[in-house]
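Multiple structures follow.
Shared between the two complexes below is chain A, which has chain B as its partner in the first and chain C in the second.
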Partner chain A sequence: MAAVVVPPPPAPRRRTPSTWVRRGGLTTLLFLLPLLLVFGVFSWAPIAQSVVMSFQQTNLVGPVRFVGLDNFAQVLGDPLLWTAVGNTLWFAVLALVFGYPIPLVAAVLISEVRARRGLFSALAYLPVVVPPVVAVLLWKFFYDASPSGVFNTVLGWAGLGPWQWLQNPGSAMPALVLEATWAAAGGTVIIYLAALAGVPAEQYEAAEIDGAGIWRKIWHVTLPRLRGVLLVTFILQIIGTAQVFLEPFLFTGGGPANSTMTVLLLIYDYAFASSLGGDYGAATALSIMLAAVLAVLSALYLRVTKSWSAS
Partner chain B sequence: MKSHRARVAAALVLPLALTACGATPDEVTADGKVVLTVAMDAGLEAKAVEAFNARVAQFEQANPDIDVKPQEYTWTAATFTAQLAGGTVPDVLTVPFTDGRGLIERGQIADISGQVAALPYASSLNPAVAKAGQAADGKQWAVPIAAYGQALHYNRTLFTQAGLDPDKPPATWAAIRSAARQITERTGQAGYAQMTQGNTGGWILTTLDYAFGGRTEKVDGEKAEATIDTPEMTEVLSALRAMRWDDNSMGANFLYDWAGINQDFAAGRIGMYVSGGGNYGNLLTQNGLKPADYGVAALPLADKPEAGVLGGGTLAVVSPNAGDRGKNAAVKWIDFYYMGKLTAQDAAVADAKTLAETKQPVGVPALPVVDRATYDKQQEWVRQYVNVPLGQMKPYTDAMFDQPLVTEPTKSTQEVYKILDTTVQKLLTDRGADIAALLKAADAEAQHTIGRG
Partner chain C sequence: MKRGLISPSERATPAIRRTLRMVQGLLLGALLLTGLGPMLWLAKAAVTPTQDTLRTPLSLFPTGVDLTNLLTAWTRVEIDKYFLNTVVIAAGSWLVQLVVATTAGYALAILRPRYGRLVTAVVLGTLFVPAIVLLVPLYLTVVRAGMINTFWAVWLPAGASAFNVVLVQRFFANLPREVLEAARVDGAGPVRVFWSVVLPLSRPILGVVSVFAVVASWKDFLWPLLVLPDPAVQPLSVRLPALQRYVELDVFLAALAISSVIPVALFLVFQRLFLQSGALEGAVKG
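Then we have the complex of A and B:
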């Protein structure tokens, strides 16, 4: 820490409404108002409302009853919650093991390619352009468990299968991760490519002069330069996987036998699957708990990695 | 500084206040007419919309104090309450039998029993069907407008290819098993498939339980008991296990919901499956079924006095947001639009004619909502417009009136179905699943749910 002499800040002048207006405060507020309204109506108000609802028993039509912490107790006592937490963690682990390194490897490879780099980037990004629901419907055909399914036909050529893919409690979750990785990798690849473009070419040249091969260049030049981006994508991936919903909802509905029931799908089920008004109290209680856990996790992560990210 | 904070606080709170606005009951036009929004099936053909609007005009002529506004709406359980709270549900809508009792218990539909009692056919509603729209005290809160019993749908082409006689579908569960095995062996397609997802697994498992003579709950006044862990349900699961794991005749998809199984059946990938007797309409119009492929038979029942067919159907209900004038107008509309085609010749003929002209099926098997005599008369009125292969439906239509109809469980229906989804999924995807343990767990969970509900 260098010793820098900081001049003391000037003593704050008393701010009256008139000085506030004179300094353009009104204009600022005017410009801010549309944003405040939009965020207020569509983001903050629902969040505030859901916090209130987590302490209520309501079907949105009949009278509302405050039940204290009952909803939280009910959710924590639901054996399905722990199945969902376990499954979500399993999804997160699989997504980290497969989904985290793949975009990085792809980005490094693409950045190493001299010709047609744009084409490869576009190809890597293509799955992100496909609407998620369409992608899932497409993969449903791939995962068709009958011998005539796309993947099973390919496996059949090698004398393997047919595999059960989504129809087996053991393989359903890895199958979802595979599709999710395919669908999401492109976005991360682009982020890494952008970060890679910022690595000064001289550093590679210096490493080459020192006799470094491709792996040593990646290890000693690329990865240290990407550290900041890698740490951010890591926490974003954790938050994203903790909120996985689309894949289990569309592929399996949480089945077979709850083997792909995730926390977010459970929240959805509390609120909507039982029809007739569902249990909005339990659904919001679990949402609040999930948000709290993720917030704490993010704060801890940022604190722990603060020193790492300074390159 | 303080005033600055206050302004920011006001800016934050204002949106909260704005979202707290509500709806008012019984909208009235400038000339004093009560406005009635009525559900019109979403995605209708232009001609069908035209026919609907023509009926609206007729109704308004006969009822000058009512202004009817059609609204495209198809009921879905997941969005219903949110739409109800948001005031975007039409005043008159239709819901499946499954949810009737739950909606009544939770006060999510209006009590129109007074108005319904005044209808001329109120006392002649088919009692087995009327029950689905009644509160615990017997008051008719919802009007049944269509009814069906579960049936065994089968693919005649696959039957022929497998060397089975399509005119003699299986009449026992043992025969279903052997037919399924034969279909899979000779055609490579699923001999028998079953829904397992989105609460339909529980719906069909309950259907089979009824067919084997069981019931999934026992209701005694206010007290209800889950009766899932029974010899009948054990028999059902054993039969399914034999088809799945011994014969491998249930295909490769064990995550079917209603739409998915209909799609695969219409595509010729399934030999037999259990669903509502009136399913032909969806198979034909939504899934491109070839009429020549289609066959439907009565669900085989065990030789026990309690064995019966699970019934289902559609109820016309009124939004709880409607006031007294709105409720009166709503019941008039239900009587005119939904019940008219079942009880009055002109309306029945006009409806059948429109359906036939727009290539919608006419004559799909259905159970009587009112008494049998009225039903027979109605069938006679529309006979010339019938465009479905009635001969191929004979194995079902010959037996459907003789099979005892049993209503769905009334306590926490969907929740218990959901629990049974897991049971049937586990059975079909885990070779080592222990039936006794599965049923014990499902029974305990259902008991807990019913107790809470």
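Then we have the complex of A and C:
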């Protein structure tokens, strides 16, 4: 931000509209106009409106009424909310168990490849560029419950199965997480690879002089150097999994027996699933509550990245 | 070449070299299976008759190849139309995002008005608001503006990306100011400096923003689902789940394959750009 391009002209006695225009104030404002219009109408106004709407009863048709905290009370009293919160947490935990260590291990291994490293990272990243809807619909077919389903065929080779992947309340969520992990891991691998490239070779050399082998170097040099980025991907993953929507929406629609109903799916259902007109108050109240939780995580994220880029 | 974790002398040790080679072989196998495998399977299934895919999904063309799937998907199922919609939606979102990010970046990083810090702060603030908060009020805004079933309903909200503005603003702020100064001394006004100096110097960051814009638009599902209820204007991502219900399996899988071609091709062509921006995402996105 240090680049001051125009040396400030001698300050005039009074700023009049005409001196403002002559010194380019109007041009500057015109350059900012697209941002102000687009953000104003499609970001700032809706954010403000969202807060207001959470205290209102409204559905496009009837008159708008202020109802105080009724929407919040209604949402918090909905037994489905606690199912959805539980499921979302379960999704987050499973996603951490599956999805957190795999990219790290893959990235450390890829960073030590000497020939054709580009091929390795491109292969790891490929699932990320597959459109998510295509990926989910493809995996839905892979999860086919019949003995000749793709995954069940593979299980059959090992004498296992057939499993009811998506139809069983116990296995539906892990199945969703497996697909989500496949779809997202490549992005995390790339982030780790960038961080690994920044570990100074001298630190490894210093560790070797102290007699450290490969495992000790990983433990005492690599992992400490990655601490910051590991925390960042951790928080980003939590923020991401708290907003999981596509997988439960397309794989299971929240079923079987609400076992994959997530918070975002519930918001969608409140607002858009009913043909009678949405309960927009409840939907915004729940999204405000979710946003508050995520804001705490985002603030944490900012603190971490700040101290991390400062060091 | 810059060394990493394993030192050259360790690499020379036979035991370590053997283990390393084996681990890397396994890694390559696993990456081929998980990264390329599903895509290859989809490509195969796109030209396989339904009965073969259902009975023996993992055998390779037991009763031959059926290329008509692709043709049927493209013409009778009208994938061509949804494909075109997807391209038009992505192109419009890209243009809106580029216009907003470059003009705002120029104003905030180079023209620098007094109120610039305030604008930057309010733009940055939206990074902390998860998209879900916007969903309902944004939907109602679009309904009231009569933009339902028009591409504007997708194009314009796409422009409100704080991430783009931050990226471009930072890049512009680091441009060599001697060059801008020289252009100004030569009598170029702010518009000309923007168009003939700043934009040509900013190709790298414009490439990154473009990749983000096109990929994000191609991936988007929930928003176009809400604001484009008319099938005639829907993109592929919205149309595919609906098609699944009444299209035969082989044709449906062909449609899935066609929908993946452009993003995968873009990735193969602009690999470096994708991998760079991917790493950037972790550093900036909140």
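As a convention for this text, the second predicted complex is superposed on the first by the 259 of 311 C-alpha atoms of A that agree within 3 Å, B and C clash if a C-alpha of one lies under 4 Å from a C-alpha of the other, contacts with A are read in each partner's own complex, and residues count from 1 in each chain.
Here is the rule we use: contacts are C-beta pairs under 8 Å (C-beta built on N, C-alpha and C of every residue); 3 or more make two chains touch, one makes a residue touch a chain.
Bear in mind that the values here come from a model prediction, so they are computed numbers and not experimental data.
*Asks:* Of the partners chain B and chain C, which touch A:A122 in the superposed model: first, second, both, neither?
*Replies:* Second partner only.
*Asks:* Counting residues of chain A touched by each partner, does chain B or chain C come out ahead?
*Replies:* Result: the larger residue contact count on chain A belongs to C.
*Asks:* Who does A:A194 touch here: chain B (first), chain C (second), both, or neither?
*Replies:* Only chain C; A:A194 stays clear of chain B.
*Asks:* Does the superposition put A:A45 against chain B (first), chain C (second), both, or neither?
*Replies:* Both partners.
*Asks:* Just chain B (first), just chain C (second), both, or neither: which does A:P224 touch?
*Replies:* The answer is neither, since A:P224 touches no partner chain.
*Asks:* Touch check for A:A145: first (chain B), second (chain C), both, or neither?
*Replies:* Once the two structures are laid over each other on A, A:A145 reaches chain B alone.
*Asks:* Touch test for A:P17: chain B only (first), chain C only (second), both, or neither?
*Replies:* After superposition on chain A, A:P17 lies in contact with chain B alone.
*Asks:* Can A:A257 be said to touch chain B (first), chain C (second), both, or neither?
*Replies:* Touch partner of A:A257: chain B, not chain C.
*Asks:* With the two structures laid over each other on chain A, which partner does A:P101 touch: chain B (first), chain C (second), both, or neither?
*Replies:* neither
*Asks:* Considering only touches as defined above, state whether A:P162 meets chain B (first), chain C (second), both or neither.
*Replies:* In the superposed model, A:P162 contacts chain B only, not chain C.
*Asks:* Check chain A for residues that touch chain B in one structure and chain C in the other, and list them.
*Replies:* 25, 29, 32-33, 36, 41, 44-45, 49, 60, 149, 272, 278
*Asks:* For the complex, which residues does chain A have touching chain B?
*Replies:* Within the complex, chain A contacts chain B at residues 15, 17, 20, 25, 29, 32-33, 36-37, 40-41, 44-45, 48-49, 59-62, 144-147, 149, 162, 164, 166-169, 252-253, 255-258, 269, 272-278.
*Asks:* Could you pull out which chain A residues touch chain C in their complex?
*Replies:* 1, 3-6, 24-25, 27-29, 31-36, 38-39, 41-47, 49-50, 53, 60, 106, 108-114, 118, 120-135, 137-139, 141-142, 148-150, 153-154, 182, 186-188, 190-191, 193-194, 196, 199, 201, 204-205, 208, 214, 217-218, 221-222, 229, 232-233, 236, 239, 243, 245-246, 249-250, 264, 267-268, 271-272, 278, 280, 283-284, 287-288, 290-291, 294-295, 298-299, 301-302, 305
*Asks:* List the residues on chain C that touch chain A in their complex, please.
*Replies:* For chain C paired with chain A, touching residues are 1-7, 10, 16, 20, 23-24, 27-28, 31-32, 34-36, 38-39, 41-42, 54-58, 96, 99-100, 103-104, 106-113, 119, 122-123, 126-141, 143, 156-157, 159-160, 162, 165, 173-175, 177, 180-181, 189-191, 194, 215, 218-219, 221-222, 226, 236-238, 240-241, 244, 249, 253, 256, 259-260, 263-264, 266-267, 271, 274-275, 278-279, 281-283, 285-286.
*Asks:* Report the residues of chain B in contact with chain A in the complex, numbered from low to high.
*Replies:* By the definition above, chain B touches chain A via 1, 3-4, 7, 11-12, 14-16, 18-19, 77-82, 84-85, 99, 102-103, 106-108, 196-199, 251-255, 257, 269, 320, 412, 414-415, 418, 421-422, 425-426, 428-430.
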